[in-house]
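Presented below are the structures under discussion, each in the form of structure tokens.
Across the two complexes that follow, subunit A remains constant while its partner is subunit B and subsequently subunit C.
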Partner chain A sequence: MSSSSAHTFKEKERDLNTHIESFIAQMKRRQIKGPHDVAIATAQLLLRVVSAARWTHIDQLILQIKVVGRRLQSAQPRELTCGNIVRRVLALIREESEDTSDSESGDGANNSLLITSMFSLLQTDFDNGNSSDNSKGAKKDLKPYIIEGIQELIDELRNSSESIAGKSVEMIHENETILTATPNSNTVLKFLLRAAQKRKFTVLIAEVFPNDIEVAHRFSIKLAEAGIEATVITDAMVYSIMGRVGKVILGTCAVLANGGLLATSGTEMICQCAKAHRTPVVVCTGIYKLSPMYPFDTESLVEVGDTGKVLNFEDGSLVEKVDVVNPLFDYVPPELVDIYITNLGGFSPSFMYRLVLDNYRQEDVKL
Partner chain B sequence: MPDAGAPTSASKGSNKPAAPAKEHASESQDAKAARKAEKAARRAQKVTEQGKATAKPSPEAIALARAQKRQQQQQQQQGNGSQIKHVRTGSSSVPSGATTGANASSLSDGNFGISGSGEDLLDKRVSLFKHLDSTKRSGTADASKDIHPAILALTLQIASYTVIGSSARCMATLQAFQAVIRDYRTPAGTTLSRNLTNHLSKQIDFLKTARPLSVTMGNAIRWLKQEISIVSIDVSDQHARDTLIEKIDTFIRDKIEVADRVIVQTAVPQISDGDVALTFARSLVIEQIFLEAHACGIQFSVVVVDSRPFYEGKELVRRLSNAGLKCEYVLISGLSYVMSDATTVFLGAHAVMSNGQLYSRVGTALVAMSAKRKNVPVIVCCESLKFSKEVQLDSVTFNELGSPDDLVNISSGSTPISGPLKDWRTLPNLKLLNILFDLTPPEYIKKIVTEVGSLPASSVPVILREYDRI
Partner chain C sequence: MGPKKGGQAPAAKKGGASNAAVNDHDTEQEERLQAIVLSDSYQTRFRPLTLEKPRCLLSLCNTPLIEYTFEFLALAGVSEVIVVSCVHADQIQEYIANSRWSSPSSPFTIETVLSPESMSVGDAMRDLDAKGLITSDFLLVSGDVVCNVPFDKVLAEHRQRRAKDKNAIMTMVLREASPLHRTRARAESAIFVLDEETNQCVHYEEIKTRKHMKQISLEPEVFNKHSELAIRNDFIDCHIDICSPDVPALFTENFDYNHIRKDFVHGILTSDLLGKTIFAHVVTDHYAARVRSLQAYDAVSKDVISRWTYPITPDSNLLADQTFQYQRGHIYKEDDVVLARSCRINSSTVIGARTVVQDGAVITGSVIGRRCTIGKNAKITGAYIWDDVIIEDNAVIDCAIVGDGVIVGESSHISPGAIISYNVKIGKGIVVGGSQRLTRSTGDEDRNTSTDYDAVGPDGIGFVYEDESEVEEDDDYEEIVNSSGLIYNMASVNLSDTSFASSVEGTTMRKGRRRRISTASNNTAASEDSDEESFLREAQSSVERAMAEDHDIDIAALELGTLRMAKNAPFHEVRAATITALLGRISNLINSNTMKARQAVESVLNRWAKLFKRQVFDQADQVDLLLLIQRDCTRRMQGSAILLHAINNLYDQDILEENSIMKWWYKEPQSQGDADMVKVGELVPRWLEWLTTAEEESEEESDEE
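This part shows the complex of A and B:
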């Protein structure tokens, strides 16, 4: 009996390992890419890890997740959402375990807790009052709670762009001119399409040549088909037209703890331009893109891509002699962003560090 | 300036063999022959076509629909033109005669092969820029017989962006005018000083159908008309013509060639060892500055920022790297990535407005703004010929529209690839905007280097006043 269960456990573990390996391989080959897909894939993988895991003390699970998380993150260090989701899951596990351990050891245990904020102080008190009776000796029962928590997280990921889109009508007024430069952002697309149901406005789309040009063109077609006046402009035209733009609406790859962000190349100059013209910059992002990292070294965050897109290889003689650069991302400092619209509401960049503290645990920042 | 090589010889072997034009010389001989043949064919075609056109009863066509139909043809022509331009820049081995021929034939196709359909009626103009009606382009077939062949050729070259850049266009125009003046005979009963201005005006009006006149061209034309008006009635026709042609030569030499040399001498000391000079698109005088600084043995590198749809910087980077300069090439979306390395930004100009605003290739303002933010000095180098008396506050009120179809191509190579937007004209809400210039505010500019010295952007009107006095 026991040997057979050990056997199935081993089998399960092997099974899990292949899943992790295939995820890592897909990340490395960029078959999974973009913050949203990476986030969902990571959450699903962690769901498997948790359901396969066995532990006697909660720290073992945390350690297990951390080890897996470290592997996942190192597969593609610049996909910050992968690490974000790992940290979210870790925070979730810690929270569940603290809840139960609180209720086990009674009210006195509260004092031993590391109280990081006034908010968590109030929250644990509140929870205690409610859940003091329903979980006794809940070590084994933790698993379904964690799994439920991860499933809620996946739901949140799936619905985040919808709930962001819900705020679009508040941000766009009738007859406004909007400029966007992140055509690969589904969040922005949904945001604009939702606004188009109630408002009539014009959208200028910077093409982000060369990396996102096709996406940008398809993006403009989608907007035009939805009845929005869509105008495609080249990246160079942004300055000349910025004076007529009401708002710049951007998507992002990652938001950093200082309120800065990483987005497709060209966004930094567009935000600067908006600043020069006093045009507000609105960034639409799911909270899952918020990373606890501080951008101490912005250069290392920027990935450099295929130079053949910049200077075609048919110009062979030129390619040989000239250094060609094709940065894929831009780091935009917080002072260039006016507001973040997230699935939890609108926040100013200076408030983002607070959201980091709410969503992640300090001890998990370094995986 | 070297680009002006083609029109130089196109205008019937001008007497000034500019050194860099040599590489184009044989090529443009072919071009000339091909163009002549083409023109003859077109004339013949036009005659028959005009017959047809007048015979046709004019239908109840709305003027707007007509204008747009025409606009679309012209945009198609221009699209063809720019494709051809890509071929040209891509490989210099393509005989330009062939390309010009292809261009010309596509122009005449555009005029006669009307592919009328309902979708022509969609207004594809961007509402903000409706006041800029750039696309009244007509083919050479519409030219009246008074238009000189050199002007016809130049119009085609300008329309297809083969001759591009305000100095190059100005030189080419003046050289074409030399040919016009050489072949001009004063009709009986009038004087040269009165009639030649008229005759030139007709040529200029036709030239305007290709692209609006550049500020340099405007300034040069104003000067030329002034010179013509003061020709004495007493001198013989031949003598007057010779004087004018010589004066044009002097003008080109003083205002562009010598001016450039002075600017280069002033600007080279701005570059020192270990510098990273950043520039945007392509300016002839900037190119000369870099080459000269390299020849002086200064160890520096150049970052060339470029943009769609012209990729002018590619040619610059080719010339600089051939000369052995260390170059970096990046498209404007990667600007902030390279700006942190730059030590000085050198910009060329199309024109400088009298309120100090720099009117230049679209994207220049972005570069200047980024530089200002990173505390990198921005130096504008241009001839004082580019100073305009006009004032302008933003890039919308006055600008030039390029063909929107240029944006459909998504390839950076010489062979255009139509992306997802190839059917954009059928989508009612979709528009493409292609403006050619933007305005850089004077606060981004550290100084302007001209042949009359280095000055802040605010001093442009001062220079203009001094000029008026002379």
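This part shows the complex of A and C:
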């Protein structure tokens, strides 16, 4: 490590930049999409960033990650998981550095350094003499810990839907009728498939026109292959059928700090129907989808997709005269959700803010 | 999308081959996919804008056109791009060198090839063949394609065919659309004859708008070879082709091939010797279009704004320094846009960074570039305003293209269709006509470049651009005149299919025909045209005979109907013939018997107007009928009187409805088109006044009851 010259370092940096650039381009092209894929891609990219990074003080690393994070986030601001993972990694770095500094020098001097982080960053030049050996020692120790932490995070991402599925048997009763409207969610699929090993139940799948019809059909086939009685229904049928539904199980794209969520468009309508019928709404989500953002402006969170899915482009006269909007997500307010099933357990929407505090640092909320 | 792919993606990001590798997986092909981008259009439709900048660098929704093409190639998984440039090659090279596509993170390697002598696609292909750059199947696109079709399936199909049959040299990607779709280039529509089963293209025929094509001829053996054929005229053909290396070689062999479709595809398909086949891939979802005319520029801009091209939309911020954000109603704004409190930004609008919109300005469905200033109470509708433009107070811009650095003076008015090239300055209170193209550069130095003060005002800079090169290409001249404008007689196109075919074409054609008769009338070769000519004459004489011999009205109608079927003439022609005959009789009566106009009209129409009942079906037809009468009356003595009484009579007989008359008079641009038309209609307003008051009175009466 120490023998690596400035030349190879520069090359490494350029290499890293290439990775970041192509990640951004792929995000823009929607070649990487969906919260799960984005989360894993982001984590792996940050792993590279950390392993390539050199720092004398931990705040420099944090700043580097923040700069990269900001770039990644702005590539596709509506893909909230990308920002979540960056914040998770930042929290992890902060935690590691606090742990080591706590164990090495338990006095309050270093803690105050961390609180005024920006100041201390500028200050390092001045008191390099007394703190350099301390921080250098910390750096040597920290890198492997941070890398290990990110790898654990990636493992968590990979396994989250499994651990959510583990709770399915408690949620689904024998002979229950389940309605789901998010056929694009792998988490829900695994959740139902796991439950099917122990229970016999019926699943109704709303087809969520226009963006996910094919997905809904594939989803129902997978369920049917596992021996679940699966029925695809049109979106308009949801209200009339709700009376017979025991539970609504949803996946999500992002959960917000107030307990609301973003999911496939049409979900809010279904949740409203469920509320009218007093049907419980269960949302399955990995904790990585939880974002520390509050939905002050819900419209800016909703991505608008391909118009061609709604209206045929062939129809020239309509194309000219009609403005078509195809929002991909719905914002569902917290009062319409009964419980979140996460890989850490079940939580009520009102508890989400607490999970935000557990997982993210307040100073990272704004990247 | 499973989690696997996402896991793979970041790991497989090394270099550019990753996407191709993913795509190739199915077909087990190790070869890399090359793409040839023809940066030159070999056309002059965008002049004078393209005098200073190549077409592919013109900005579409604030992003250079070629970015859309590269983005498409990146999506398609291309790993090697060769850009062929001739005119403005230095600019293109410089742009590419500074773009993200030549950085190591680019998904493909990029190379610019100069081909300064090439004057057509054919020349460029021959040049490429001579340079030996093409090693495998490649994607041939031009630098103005906007497309988001996922390409792996198309490519797999092509490769499968190639593996089976080495003679399948080309796959054309065609997007389905209705014939009058705004994104279809009206100038270059074509008929494709495809085998329903295999999608093999067996015949290709370019449609010349001028010639009013009625038939295509197919070899009889085509029907023996293929069980089902589809003859289609509903494609957006944006010239995205997957070609085998044979294609450039064939261009070299046939040195007279210039156009990829007109010459190459047509030539290959009609040649028996070569035995090569060409296939089509018909795309029914996703977007594909080419900015090949100004009118397509308008349409594609609108499509990008209304997100047909998703994910290639302004808010994807294709360029690194862009910061567009989407807002409800398809409004895209960059950071640092300053909007006055009282200005109004309506839907489908794009506004670039550091643009200032001042009080009371109204912007609707327009694209505004960066660093522009929009003055107080300015009104901008459907316009394309590029960077650094200053629009002063109270100016009105309507469906025009305004190039970089233009200054539009106070209270000036730019009419629909105008094009204002770079750095032109338009003075105060000037009205720029719809067909005008203003510029400061001529393209060649030796021409006079003095400011035309009539066009731009005493304090303006710039002159009217006239392109004499268009005149030289006499073959396409009329097409170009019709199609090169930003606005393509939208009013008449919108009416309906039939009126597009008849009224617009009809007028231009008749002019052409008259000219031809006067010069060389014995030309029997022009069979299509003489067909119609003969119908008009026969139909007219049929009606005249019926009147002279006092036939039964049903028999006359039957005779007309049969004639129409036999010649396959549109109803417009039938109406034209009938009107000529009837009005001819009326004016005869007036001239010979000294009958009053009113009597004459009544005597003829009371008896014969019922003919129209089988020729006029809806409002558009009624408007058409009125136009025909008006046009015909311009040739007659006492034309205005005849017109007035004819309308009155037809109205009484319920052949014309009030609405259609109103529409004809107030809405139809042709009714006020020229001096003759206006003159002949001088008595109409008074009649309309009577009509409306009569209407009101009758309403009042009914109210009293």
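In this text, the second predicted complex is superposed on the first by the 331 of 367 C-alpha atoms of A that agree within 3 Å, B and C clash if a C-alpha of one lies under 4 Å from a C-alpha of the other, contacts with A are read in each partner's own complex, and residues count from 1 in each chain.
Keep in mind that, in the parts below, a residue touches a chain if its C-beta (ideal position, glycine included) is under 8 Å from a C-beta of that chain, and two chains touch if they have at least 3 such contacts.
Everything numeric in this text was worked out from a predicted model, so none of it was measured.
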item	value
Clash-or-fit label for the pair subunit B, subunit C on subunit A	fit
Which of subunit B and subunit C A:D306 touches, first, second, both or neither	second
First, second, both or neither for A:D323, with subunit B first and subunit C second	both
First (subunit B), second (subunit C), both or neither touched by A:A257	neither
Partner chain in contact with A:R30 - subunit B first, subunit C second, else both or neither	second
Which of subunit B and subunit C A:A41 touches, first, second, both or neither	second
Which of subunit B and subunit C A:R14 touches, first, second, both or neither	second
Touching partner for A:D315 - first (subunit B), second (subunit C), both, neither	both
Which superposed partner A:L80 touches (first subunit B, second subunit C, both, neither)	neither
First (subunit B), second (subunit C), both or neither touched by A:R244	first
Minimum distance between Cα atoms of subunit B and subunit C in the superposition (Å)	8
Subunit C-contacting residues of subunit A that also contact subunit B	314-315, 323-326
Interface residues, subunit A side, partner subunit B - complex	204, 207-211, 213-214, 217-218, 220-221, 223-225, 227-241, 243-244, 264-266, 268-269, 272-273, 276, 302, 309-312, 314-315, 318, 321-327, 330
Interface residues, subunit C side, partner subunit A - complex	1-3, 5-7, 9-11, 13, 19, 71, 74-75, 100, 103-105, 107, 175-184, 234, 284-287, 303, 306-308, 310-311, 316-318, 323, 325-330, 347-348
Residues of subunit B defined as touching subunit A within the complex	90, 126, 128, 307-309, 314, 317-318, 321-322, 326-338, 361-363, 365-366, 369-370, 373, 394-396, 399, 407, 410-414, 419-421, 424, 427-435, 437-439
Complex interface listing, subunit A residues touching subunit C	14-15, 17-23, 25-26, 28-34, 36-38, 40-41, 44-45, 74, 77, 158, 186, 299-300, 304-308, 313-317, 319-320, 323-326
